[in-house]
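Handing you this structure, nothing more for now.
The chains carry the letters A, B, C, D, E, F and G, assigned in the order they are written, with residues numbered from 1 in each.
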Amino acid sequence: MTDNLLILPIFAHLLTAILLIFAWSHINIQRVISLFGHFMALILSLHLFSKTWKAGILTMQAGGWKAPFGITFVSDTLSATFVVLTAIAGLAVGIFSTVSVTKARMQFGYFAISHFLLMGLNGAFLTGDIFNLYVWFEIVIISSFVLMTLAGKKPQMEGAIKYVAMNMLASTVFLTAIAILYGLTGTLNMADLSLKVVQIEKKELVSVTSLLFFIGFGIKSAVFPLYFWLPSSYHTPPSAIAATFGGLLTKMGVYAMMRTFTLIFVPDAFTQHVLIACAIMTLFTGALGALNKTSIRRMFSYLIICHIGFMIGGLGLHTHVALAAVVFYLIHDIIVKTNLFLATGIIHKIRGSTDIRRLGGLYEEYPKLSLLMAIIFFSMVGIPPLSGFWPKIGLFQSSLDQRSYLLLAAFILASFFTLYIIAKMWSEVFWKDLPKRPEETNEFTELPLFKQTLLIVPVVGLALVSLYIGLGAENIMIISNRIATNMIDTGYYLDAVLNK
Amino acid sequence: MLNNYLLFGILPVLSISAILVFIRFLKGPYTLDRVVSLDFLINIGIGIIAIYSIVTDHSAFLDVAMILALIAFLGSIAFSYYLEQRGKR
Amino acid sequence: MEYLLIFLIGLLYSSGIYLMLRKSMVKLLLGLILLGNGANILIFLMGDIAKGQPPIIPRDASIFTQMYADPVPQSLILTAIVISFGLQSFAIILLKRVYQMTKSDNLDTLNTHEIDI
Amino acid sequence: MIRQFMLNLMLTFVWVALTGDLSFVNFWFGFALGFFILYIKEKNDGDVRYFVRVPKIIGFMLYFFYEMIKANLQVAYDLITPKFFMKPGIVKYPLSARNEFEITMLSNIISLTPGTLILDVSADNTVLYIHVMYLKDRDKFVRRTKEKIENRLLEILR
Amino acid sequence: MILAVLSGFIAALILAFSGKLFRGRLSVLLGLLPLSIFNYFLYFFPDISAGKVITFSYRWIPSLGINLDFRLDGLSMLFVMLITGIGALIYFYAASYLEGHKYLDRFYAYLSLFMGSMLGLVLADNTLLIFIFWELTSISSFFLIGFNNDNAESRKSALMALAITGCGGFFLLASFVLMGITTQTYSIGQMLSAPGFLKDQPAYGLILFFLFVGSFSKSAQFPFHFWLPGAMKAPTPVSAYLHSATMVKAGIYLLARFSPLLSDHLLWTNTLMITGGFTMIYAAVHSIFKKDLKSILAYSTISALGLLVFLIGIGTRYAIVAAAAFILVHALYKATLFLITGIIDHETGTRDIDKLGGLRKWFPLVALAGLLAALSNAGVPLTFGFIGKDLIYEATLHTQDFFRYSLTPLAVTTNILLLYAGFNAGIKPFAGSIPENLSKGPLHPSLSPLLWIPPLILGGMGVFFGFLPYVPDQLVISHAASSIYGSYIFMPLKIWHGFNLTLLLSAFTIIAGVALYFLYRPATASAATQYWLQWFSPQHLTEWVGEKTRLFAYHYTKTLQSGYLRSYILTITVFLIGLIGYRFFSTVDLRVNTSEFTEIRFFEFVVFAITVVATITTVFTNSRLTAIVSMSIIGLSICLIFVYYGAPDLAMTQFTIDTLTVVLFVLVLYRLPQYLINSNRKMKLRDGLVALSFGTLISLITLQALISPANKEISRFYADNAYLLAKGKNVVNVILVDFRGADTMVETMVLTIAALGVYSLLKLNVKPTDKD
Amino acid sequence: MEIIIMAMTSVGTLFILIAAIGLIRMPDFFLRLSVTIKAATLGLGFIMGGTALYFLEFSVTAKVIAIIFFLLITAPVSGHMIGRTAYFTGMKLWKGTILDELKGKYDRKTHSLTSDGDDPSERTPPVDEL
Amino acid sequence: MQSTILKTATNYLLPLLLLFSVFILLRGHYESGGGFVGGLVASIAFVLHSFAYGLERTQKLLKYPPKSFIPAGLLLSFMSGVLPMFGGKAYMTGVWSSEPLPVIGLVGSALFFDIGVFIVVIGVTLTILFTISESIDQ
């Protein structure tokens, strides 16, 4: 059964992007088209999700060539969830961008490229073909290159060189891994791969190949010791772009890892150990990195790394509970990290800086805004019953269950450091008196109310979503559990892709 | 017989020519020497492809030869353009 | 012949990485291109090898009558080549831009903004 | 006008040849395509008439071919013997050819003849600078080239 | 009941959004909130007295085993009464104490949040639910302690409190999760139905360890105690509330709650006795050196908490009853003393006991409250404190031989020191004459009844319960004790036990304490001693560790994130080689059967050789242009290789793209400076080795993949159907535009984006002054 | 037929070989350029001719003609472009060169070439590769 | 860089190369070639022109900026894949004319797809190369 609905979230962004190229440099038209595109994407994504939820798994065999011969697009709960999250985060960033992004950037394709980026993400989440996944990855990468360098000044460019170099290296490793996998199995369809990988005589080679995939995705998802590009670049682009990057980009790597390491390869003990060891070091490195940062953007960059550790750790534990927790964590993380960077953008607008030493007094001046941001921060820290807390239960549970005490220690350490860092940041940025009124004027208050609203609304919206994730955790848990079930038992996926 | 002659007579000689040209490429001494060597190597490549198409009896390879011929030109022009602009400095 | 290609793959990967480990931005790019070439040959080698037999159905037939090279890796490489062309050309321009801003080809000088305490 | 027509015909022919399809429709398709392409580049037109002089062309081609082989052998001999006999030099060659097409044709032909290579044309299109490998007598070279090549070529082209 | 628990949160929410209403006089009304909750729970007394357990359950996150399960038994009731009862008084007190404060509404919001969390904590019947409320108390106390957020000390203390209790929280979570795994439930009620189960489990030790870290950090046990004195930076009502009845007792509550499940094990008993015992004496000793009223109270609180932990650790019937009673005793007199301190601070501007005196002349009623509290604290007969102390001695005396002789003196000493501290706080400021510095009279001439009534009530209660001990006993203490003990304890509280050893000890305590009070004045220890004490104090150690961690983090991060791209790439590559190389060489059989390989022909070899040499040239040439021309040659050779292997499309594209890339390179290199003649030989050698290993590894993996047979069904499908189904003869092209057309579609978009990027990168010129 | 093909390819290959030797042996750049341009073109012409003869198919012949035609147009042009660049960038002539009438005819700034005049302005110094 | 010879040669090469590119594009389905290589050859023709005549002349020749080719081509190949969806088939399902056309053979959606690719590639290559040339001339 082929269902074209599957591809519509991709098309929504594609068409929007094409229209935006036609409307190059007409800023206002672009704003409208872009917002419309985001809304369409959101509606289509939600529709896709509800349909997927009811039907179980939807497939679309592109070109009418049935799997494994053509490229199959698959929407299972995992994919659909990611598509919805992308749409939500995308819409929020989209609204935020209409005010926060400079005119120069808008005139030079900011909107078009960001729609391409979102399209790439949707494609990556929906494809059922490993090579096609590579191609979508490249879309995302090249878009991120462009966004990162758009109207960039020196620091941005310096960061971009490193970002580009390491991401291209990652792509090469990924491509190499695909090639070897093809050499071993003769197929590229992920469901088919799942079947064929089992039949390979030299099991050891499978493990080696899976590690190649791990390295490729590991670089993209910023796992220790492959994460270097992230701290060198993520703090440089403007907030709206950083929000997309921080919220969605690294998660694409995690998604890919989750897909390959559940559907294609079931990690053997060695791989599990590798994943767990990397997770421990990632948690540790991210936490330590964030500890001393005086720029909140840099601090958050390291926290992204730190929190990737939770997901990789859960993946390494590879129990039902852990996988469900990882999914939950991802859902939470995408929303919260996106919002985190948007909120930082507002702070930057208000104070003209993101350096803790030059910030302060926000609580005094903007109590409601502060409260809003507190929700974001404490969601990220995982203060119960906010969203970041729930997955930790599962992660703690599995690590205790699997006797991975070191991992547990790392989880605790990372949670503690996050708590400490955020509390300290809070005390510095919000509680402390403003050390010296900055020379730059407060851009935020200079904006007309309408524009202020456009900046605040997405932050409020995402905060509400994260509140929902926290307080309505049961619904998210049901979704996560279903996804985890399908990850452990891939039969359903295989049936849907190969037999219908 | 034709096949063997081409395989063991012509292609090796073309290959030896390629080696000679490549030696010039390595020796230089000027960049333009290298550019000329490259251009010549492409020409030898065209020859090799033509012979190879006979050997394999597939005329499809001639398309490659055609593209090579078309495009080698652009490379030479680009290099001389660049070197001349640089000389202008 | 496969041995030679395997050697070549190794060489290209080695050279690519070696160049990426240099200080020069230009070498970095050259390294990436070499890596890309290595990956392409690697993909190529993963198909069924058939020398001199392109996967083009003869004019007077509708299916293959003799051996043919595996078309899948070929099409994958085509896609990969094109993609890396896109990425590489962007990277080349980026290099130019960075050079314009920093007046240096030295990667080591590009960390002014990375360390903060 | 004629030149464009000729060019168009030529393109049509190339098209038919390339596709290897000699049908009537293909011919017209090629013609239309050629017409379209020429239309694109119409701004670059010059207005010179060309007459096809078949016998002259054939004769010229034979001569050219003969020269080519001869010179090539000369170069080959020089190369495989250890000592060089050549006396290279750059010669300033005054042109009779005036328009760009003529000059280009001429210089291509001179370049393709072994032993000579066009280095450049002066900005006012009056002089060619030719690198010559076996330059025994400068004036003799200029005269020979004028007689054997340029004049014959111009006869064909004009 | 859920409304009662959540009302705190709702109030906080309302205050956050419409708090301006309650900044002024209306703030008094907020006190009705805890009062009405108090009243609500009064209705449950009959049931509790009858020994019933009341449970409520609301579905929340069944998938995680977390539901809003609440359970009201004696223990919970005891705490609920303290939280809401003392809470109500604090609310009223604060209305006056912080009158006119700019952010009074925020204060009440935090306080309500805190109260709600505490209520939830003591009522929750689900371990994870306990944890949730536990964390909420940490966070809300963070805001309360840091309420004066313009004060750096205040911020620092809040952070410290959060760090310690927050960190403990994560351990607590681990403990609960482990309990959950072991017992297959998060419901305390269900766990209590099989009380002995956990003790026999292998995970018992770990559960205990995690639980202790959690509760000790909250209840300020050594070595986590030091956040508590720091937390005195909070406004006094907060200190009174947090440290007498609520926050710090949360840890005690936890131990008490899980006592039936986990006690009766050497690990439990010994750890608690040692920690509690050490903490109580350690803090008591510290308290007598302090001159700041709040510090005195802080250390005496820590000591009292130690005493409670100690009692729970002993775990006998006596000890448990003693603990239950002492929770109440301590809450009453400690809250009183704090409130009095607040009044003194408020009216005199100082808390230094050396500068205070004779205040009974100003505030006789407050002095009365202080006296009552001090007496209760001292355990003077006919106060509730007397009964508490009695029970403690009973408890220590009823242990086994060895303990009897070691524990009893410990308890006595502690009590003597505590008595001293209590007198200093409750009596000393009011005794004697008014010192010079206070001759100007109180800062606020008329003392609001809202300030003095609450301590008087609390102090009075201490005496009231002393006269009628069966009232609290019947209502709550015996039931609380039963809850802690795990089975019913019948041991009524009595005013008078007759003449026995216990009475003797009590008398000795009082006499010795009073003597100490009159004979000893707090004096500062010598500088050296202080230094060493300071250095080894957990607070200093923690700060030292914190500082070192920060330093380590700095160097660790700087070493890894050096800013040098090549070191990043090196790390990544080495990791790849190490990981995959290890896996590859340790498992894969390296033997290769090469019989199926095609033979090598001369002209093929030549192309190969040229590629190799060109590659090496690219790598090692010092001329950038040479490198680029070599790249072209590599491209050409690869093109030829593709031709040899029957891939004309590939050859064409490879060559075209290569030429274009070269053209681009050439255009860009225009104006670039020379290569740096760089890096020393050693570095080159190292990089070379890494690069070679990388290449070798990839080669070997490729070889292995090459010789492993694969199913080529898909290629065959394409070949068979290219013409029949997809109407094309060039199979590669058919794959590109049809079978795998989606790839190509996406690929064109990659190009599009790249082109747009290049366009914008070059056309959009930003000046360094432009805003972001 | 096979003989003709063999002969043609042999001649073509020989020309290419000679040119390759020329490229190695010739003492200055202009001589090397001069040798390669035409020998390669001629050699390739023979080889392509042989190929056309082998296939004897209209489409192949057309392709071959296209290739030859293209080479005939482009080879001299690129020779000219490279040659002038070489001269301009100050490539040294062989010591046996007997005449250089191009000397001093280039305007250093604009690169425009005069037909006359003996402006002795110096040539640009050799710009060789870094 | 002005060269009479190059200019004249380009005059003849440009149409030839363009013709060639269309040839390569159309026959891609049956023999080597296709939209991608075709597009590259076409762009090379224009690049050559820009080398000979300078960028401005080439841009005049093209009439529309090369950047505008990109969305047009994308739209074309996108639509060729989408149209079958209106018939309820999967995205990119091949649709073919029943009768072969002269020259091209069977016309199908794949052809339009390839033409779209062709146009995109021209747009992309020229955008990149022209932008960079312009920035050099500055």
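Please note the rule applied: contacts are C-beta pairs under 8 Å (C-beta built on N, C-alpha and C of every residue); 3 or more make two chains touch, one makes a residue touch a chain.
Given the structure is predicted, the values throughout are model-derived calculations rather than measurements.
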Item to check | Joint neighbours of subunit E and subunit A, given as chain labels | outcome: C, G
Item to check | Of C-E and D-G, whichever chain pair has more C-beta contact pairs | outcome: C-E
Checklist outcome for this item: By Cα centroid distance, the chain farthest from subunit B is E
Checklist entry - Which chain has its C-alpha centroid at the greatest distance from the C-alpha centroid of subunit G? => result E
Checklist entry - In angstrom, rounded to a whole number, how far apart do the mean CA points of subunit A and subunit B lie? => result 48
Item to check | Averaged-CA centre spacing for the pair subunit D and subunit C, given as whole angstrom | outcome: 40
Item to check | Length of the line joining the C-alpha centres of subunit C and subunit F, rounded to whole Å | outcome: 32
Checklist entry - Which integer distance in Å separates the CA centroid of subunit E from that of subunit F? => result 78
Checklist entry - Can you list the subunit C residues in contact with two or more other chains? => result 20, 28, 42, 45-47, 51-54, 56, 72, 78-79, 82-83, 86-87, 89-90, 93-97, 107, 110-111, 114, 117
Item to check | Per-residue overlap in subunit G, given as positions that touch at least 2 other chains | outcome: 1-3, 5-6, 9, 12, 16, 20, 30-33, 36-37, 41, 44, 47, 67, 70-71, 74, 78, 91-92, 94, 124, 128, 132, 135-136
Checklist entry - Do you know which subunit E residues sit against two or more other chains? => result 554, 561, 563, 565, 569, 601, 623-626, 644, 646, 648-649, 652-653, 656-657, 659-660, 663-664, 667-671, 675, 698, 702, 705-706, 712, 714-715, 718, 729-730, 736, 738, 740-744, 747, 749-759, 761-763
Next on the checklist: With touch defined as at the start, can you tell me which subunit G residues reach subunit C in the complex?
Outcome noted: 30-32, 36, 124, 128, 132, 135
Checklist entry - For the complex, which residues does subunit E have touching subunit A? => result 16, 59-64, 66, 106, 128, 131-132, 135-136, 139, 142, 146, 149-150, 152, 155, 158-159, 162-163, 166-167, 170-171, 173-174, 177-178, 180-181, 203, 206, 549-550, 552-554, 556-557, 560-561, 563, 565, 568-569, 571-572, 575-576, 579-580, 583-584, 587-589, 698, 701-702, 704-706, 708-715, 717-718, 738-743, 746-747, 749-750, 752-754, 756-757, 759-761, 763-764, 766, 768, 770-772
Next on the checklist: Going by the contact rule set out above, which residues of subunit B touch subunit G in the complex?
Outcome noted: 60, 63-64, 66-67, 70-71, 73-74, 77-78, 81, 84-85
Checklist entry - Okay, in this complex, where on subunit C does subunit B touch? => result 51-54, 56
Checklist outcome for this item: The answer for subunit D against subunit F in the complex is residues 14, 17-20, 22, 68, 72, 75-76, 79-80, 84, 86-92, 107-124, 126-127, 129, 131, 133, 135, 138
